[in-house]
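Labels run A, B, C and D following the written order; every chain starts at residue 1.
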Amino acid sequence: MEISTRASNDIRIVVIAGNLDSTTSPAAQKALDAVLAGAKKVALDFAQLDYISSAGLRVLLGAAKQQRASGGTLRIFGLNQSVREVFEISGFSSILAVYPSEADALGAM
Amino acid sequence: MEISTRASNDIRIVVIAGNLDSTTSPAAQKALDAVLAGAKKVALDFAQLDYISSAGLRVLLGAAKQQRASGGTLRIFGLNQSVREVFEISGFSSILAVYPSEADALGAM
Amino acid sequence: MRHGFRMSVGADPDGVGKVSAAFAGFAQTHALPEAVRRSVNVTLDELLTNAISHGTAAVDASLLTVEVELDLERLTVTLTNDGSPFDPFGQPAPDTTLSVDDRPIGGLGIHIVRELMDEVSYERRDGHNVVVLVKQLVE
Amino acid sequence: MRHGFRMSVGADPDGVGKVSAAFAGFAQTHALPEAVRRSVNVTLDELLTNAISHGTAAVDASLLTVEVELDLERLTVTLTNDGSPFDPFGQPAPDTTLSVDDRPIGGLGIHIVRELMDEVSYERRDGHNVVVLVKQLVE
């Protein structure tokens, strides 16, 4: 897994490539915590995310709760079919803000 | 790292042996979440914990916040010198309930 | 035509990582459909981390064995461990309709496995937990 | 008398695990004092996970190199990566007096390293971040 960040105006975009599972979730959590501490508007680019397990969902849920508490936004885009399926199964599609494309996600942020 | 649980009356004791770092923290977090979901009184037995890094502190802080929110207790005992040092450095000694021995920790719980 | 592999790893996070990497390699060698590979990798992560996270002091799993068998129609994964008896599929499904604020952390892994796999079964055999998972290669 | 080892790993969680295991083995072989082994293992976990978590899209670390040198008096660890320039010791110390409720998650790693090691330094050299850490074997 590789994590990197980029910026688009006042929005910070975190790119998570590879997979988000029990091996990689601590690095992802650290990266996300650091970004959330410094930015109100955050988007997660999942276009290169291969698969996600519940260890990864745990990180996303924590991030969503934190943004909610601090009045920030967290949007996710670029899910492949497998990631989308795990989101559906776990009910995450309806509790996280998932967008079909980067343009949609950043649009009205 | 190995995690196991045992019970003493209505107190659930989680034993974490080995180390608590970026590799092992997801397993520890899963175990702790599951125990906290089902028990109000929880103690962590660190007698066999070799070392802890900030990835492990992150798990402990999350657990402490959760217990606080749900009105439960979380106590920790059996720290070796190195774990104690990391607790001191990070200020965790004053925000987590650390006890010198199991008897002390379970005492007035 | 049958292919497969079998490996045993220590019941610790490194062991889980090794199985994950081995399966990804096997999937590549045999050109498994991406959706199958991903579903199985997720499943392995869920069930193997459970085996190392939720032990009891009495009988902890010390060894995790994974056996993978591939034929033309399906992939069969058998997970065996020597931990305390636990039937993952005897659990009630979690409430997946709760909001961000109310949702408890955890309790999703087994539910995800059940949904991603086509067949799941559990058996206690000779002091071991044996879970068999089947994923069809064609829908 | 000098002993040591040098290894390079991918900038990913598996790489961090490999370094951690290699150092633990080295510490055992050379019967390092437990306090030294533990402090260095914690330090490696902090700084290597930072290198893989906090990259920027422009210049990500792809390789992490760890060099360990042991003499009679001290252990010296040199960490090199090809990521974007970052001086870990140019950061202000975090507020470690906040309560459970107010404490932000994160921001502790570098502070812990600074306290556990006897000497720390950073240099940008030939497009690489080079961190040198020294731990005395006797207090």
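The criterion applied here is as follows: a contact is a pair of C-beta atoms (placed from the backbone, for glycine too) under 8 Å apart; a residue touches a chain by one contact, two chains touch by 3 or more.
This one's a predicted model, so the numbers in the text were calculated from it and none came from an experiment.
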item	value
Interchain contact steps from subunit A to subunit C (minimum; 1 if touching)	1
Gap in Å, rounded to a whole number, between the CA centres of subunit B and subunit A	29
Distance from subunit D to subunit C - Cα centre to Cα centre, in angstrom	34
Contacts with 2+ other chains: residues of subunit D	13-14, 17, 49, 105-106
Multi-chain contact residues (two or more partners), subunit A	22-23, 26-27, 30, 55, 58, 62
Overall pattern in which the protein chains touch one another (line/ring/star/complete/other)	complete
Contact footprint of subunit B on subunit A as seen in their complex	22-23, 25-27, 29-30, 55, 58, 62
Touching residues (chain side subunit B, partner subunit D) in the complex	19, 21-23, 50-55, 57-58, 61-62, 64-65, 68, 81-82, 85-86, 89-91, 94-96
List of subunit D residues in touch with subunit C within their complex	13-14, 17, 21
Footprint of subunit A on subunit C - complex, ascending	13, 16-17, 20, 34-35, 38-39, 41-42, 45-46, 49, 96-101, 103, 105-106, 108-109, 111-112, 115-116
Subunit C residues touching subunit B - in the complex, by the definition given at the top	11-14, 49-50, 52-58, 60, 104-107
